[in-house]
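These are the structures, in structure tokens.
Consider the two complexes below, in which chain A is the common component and chain B and chain C are the respective partners.
Let's look at the complex of A and B:
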């Protein structure tokens, strides 16, 4: 496979994690502009673990994702009491705070005569684990997709479980859910923690692929994109956000002729879809229709 | 002590630009109960129209100001039609996301049309700073402060002394009741949106003229500063927007003096976050979130 294609596919895979994490919150009816914060936290945490503490890749990735999930729960406790617009703005404020903290965050150690570690706005260089251990780009891409498949399986199990129904119910009508004896705030915090974990897996993978992270990558635009993927692709199934990512990165960014106008096309697409299909291309009705068709064919 | 007082004066001057931005923001929110995140970028596009007039025709300050306001209003109308008018009633969050998507679009339009990124803008005045005893003031700042006061008074007269203002207040209070009284809600919100864009255009002209240059980053800056100032004061409240702007200005000025510029934005976001968590209604706003929480607790 040629390098460009591997690069594009790896990017699609990694961005899918953050899109799925924003999607999970959309399911419980909250809009977060701040999922890039958890992506960033894990990118730094897992990078520090492998490049500075000498950990292996998998423990480092798990550590990064766990830190991101913990951060999400800690943010969720104060912010999920406030709803709607206020929650969205609070996540936006939090994400910008995280980015600005990384702009001044310095923590370096000397390894083999070189200073390694986050250096404020100059970013965090030399997260070289996959090069030092001779993992090729194709192998790494397969690792990304393996993890993505595992996360997708977890999402499908979730949709079939009681927890999934509770999430959807809260998203449909929080007051009704409360009347059924469901602790809405606690479940929303759980959803935010799970979303933080998923974004964290993506962030750790990202740091090791690019070997270099800097705070300004994790700006608001990343957050808006990840949110928009779910809204374009649809909120009926976990395939929705993946379709959104494929449209944006696979189509708009990768084809040279249109990549210059990517934001114009993408922004317009989101705005138009919000008017005509407020729950995305694959919304609940479309998913049910497809399921019905499939069942009939088998019967 | 003199430093502290001088910082407070500087803060009030800085804050008057934030207050100007917040007034337009809060007018839109007050009438529609929706948040227009494209507000800053539409002002930015207006300011680029002003720059174009300045560079092409060597126009004077007044013509540039007029071009900026007209540009901001035209872009504002585009945003209103696409993100607010076309999206069904009651979908406040969809409008917010849609305006965020259009923000990306507007920013891309500017970077394609103006590839050099930084463009000159005619300065407001070239007078030297004035001093009063141990304190000194920049003349541009005094002009901005005077404009903020004048615009607030003008808006107050418009809202409380004209029939159009009465209609705006009726729609803000209760859209259904306003409709039964024969008020054309779509027309009123459209005009209020255009008014807010014009105020934004004036604010944008003053701020950009003070800087003497414009970059595409101005949109992000204007949206965030206006949003934070509005949130601190309370969404939908005009006195709140002014006090919020001044508070933000004073906090930032003290911060720059005592902590350094790296912490300026970090502190502004932290202030916003704390306000959202502990007092989502802001200093002056209605306590919508609190009322909702009470309703949920009762069931």
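Let's look at the complex of A and C:
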């Protein structure tokens, strides 16, 4: 398989996690500009676990994602008391704070005569687990997609469950949701924790693919893109954000002839869709239509 | 069932409720009437915890609920509909009613994610039964936002009933309906909403109040100005005055 293609597909897979994370919060009616913070926290935490503490990859990844989820819940408890725009600003501020903390965060140990670990703004080098264990790029890509498939299955189960509809109810009318007996703040914190976990899985995968993370890549543009993916692809199904990622990373960023115009095309696409399909290509109406079609065919 | 004592709710300097007393017994159905702005909907909002009371007491089955959160209050057996129609527009008609079951006492926490087949099947049948009764079965899988107004009102009723409330608050359940639709709504409320539970109905259509309620309470400026059997109250001078005003005295 062509190296460039493997790289692009791996990127699509990884970014899909943070897109799904932002999507989950859009479903509960909150716009977060800060999901890159949980991506970053897990990239560092899982990298520290495998490269410095000698953990295996899977426990390291699980640890990174768990730390990200815990951080998300901790952030959620104070910030979800504020609503709408103020929540968005608070997430943005938190994410920038996390990035700036990593700019000064130094924690290094000596391994085989070399210093390994986060070194402030110079970043965190040599997260070499997949190379030391002879995992090829194709194998790693398959691992990414295996995990993505598992997370997607979880999303589809969620969408069919009562919990999933509680999230959608809160997103559509929190007062009415309350009148159905739902503790809105508690479920929003749950959603934020789950979103942190999903972003964290992506962050851990990212750190081990690139072997090198530096604070500046976790800037606000990553958060803005992950929000836009759901808004482009649609908020009616978890496939929506994946379509957004595929359009942006798979098409605009990866085809050399047009990558120079990526931001122009991407921004234009967002603007056009916000006017004509404010809830994305696969919005709730489209998803319901498809669902009814499928059911009728089976019946 | 519901006891309201000296209830005050202020919005800035405006007293939407100015010392209201109201007592509703078990199984009673009470009509709440009064001019616009007399505090009827505010009372529903305070009873369901959407607005905390400024002062005074609200007791539900003897327990004080004045400071409780809305979800706690409604989970102890209260359901309501909204005058200005609130539905989950991007959920289907079926899902709107199904949603009302999520936090019902007979649905365990784990069933929010892992449904138990038999129990879930029975609950879904219950939803379909309610849709059948309210005449919405043929719109079952449509997104609720696309329904015409009378259907949305019936959907609200079905959703409120799906919570199996002991106290049901109906806020202008026939608002904006034609006479024929109103008559159908009256039959629905009389046949499936009122039996076996306590009901409070806000309504401007007196014919509806006469048909549905044992007792009427008239509110004006956040206070109760009259109370009693519908026939008597609707002839009361103070009520007529509150609604249509009084001729100005000759010397004014």
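Definition applied: the second predicted complex is superposed on the first by the 299 of 299 C-alpha atoms of A that agree within 3 Å, B and C clash if a C-alpha of one lies under 4 Å from a C-alpha of the other, contacts with A are read in each partner's own complex, and residues count from 1 in each chain.
What we mean here is this: contacts are C-beta pairs under 8 Å (C-beta built on N, C-alpha and C of every residue); 3 or more make two chains touch, one makes a residue touch a chain.
Values in this document were obtained by computation on a predicted structure and should not be read as measured data.
When the shared chain is aligned, chain B comes close enough to touch A:221, but chain C does not.
Ranking chain B and chain C by residues of chain A touched puts B first. Once the two complexes are laid over each other on the shared chain, residue contacts for A:175 go to chain B and to chain C alike. In the superposition on chain A, A:184 makes contact with both chain B and chain C. Contacts of A:6 after superposition: neither chain B nor chain C is touched. Within the superposed three-chain model, A:137 lies out of touch with both chain B and chain C [touch as defined at top]. Looking at the shared chain after the overlay, A:161 reaches chain C, while chain B stays out of its contact range.
Contacts of A:285 after superposition: chain C is touched, whereas chain B is not reached. Shared-chain residue A:73: touches no atom of chain B or chain C. In the superposition on chain A, the residues of chain A contacted by chain B and by chain C overlap at 175, 178-179, 184. Touching chain A in their complex are the following residues of chain C: 48, 50, 69-71, 74-75, 79-80, 82, 86-92, 95, 98-104, 107, 111-115, 141-143, 159, 163. Contact residues on chain A toward chain B in their complex (touch as defined above): 31, 33, 78-79, 81-86, 88-90, 93-94, 96-97, 100-101, 103-104, 174-175, 178-179, 184, 220-221, 224, 227-228, 231, 260-264, 266-268, 270-271, 274-275, 278. The part of chain B that touches chain A in the complex is made up of residues 35, 82-83, 86-88, 91-94, 96-98, 100-109, 112, 220, 224, 227, 231, 235, 262-263, 265-266, 269-270, 272-273, 276-277, 280, 289, 292-293, 295-296, 299. Chain A contributes residues 157-158, 161-163, 165-166, 168-169, 172-173, 175-176, 178-184, 284-285, 288, 292 to its touches with chain C in the complex.
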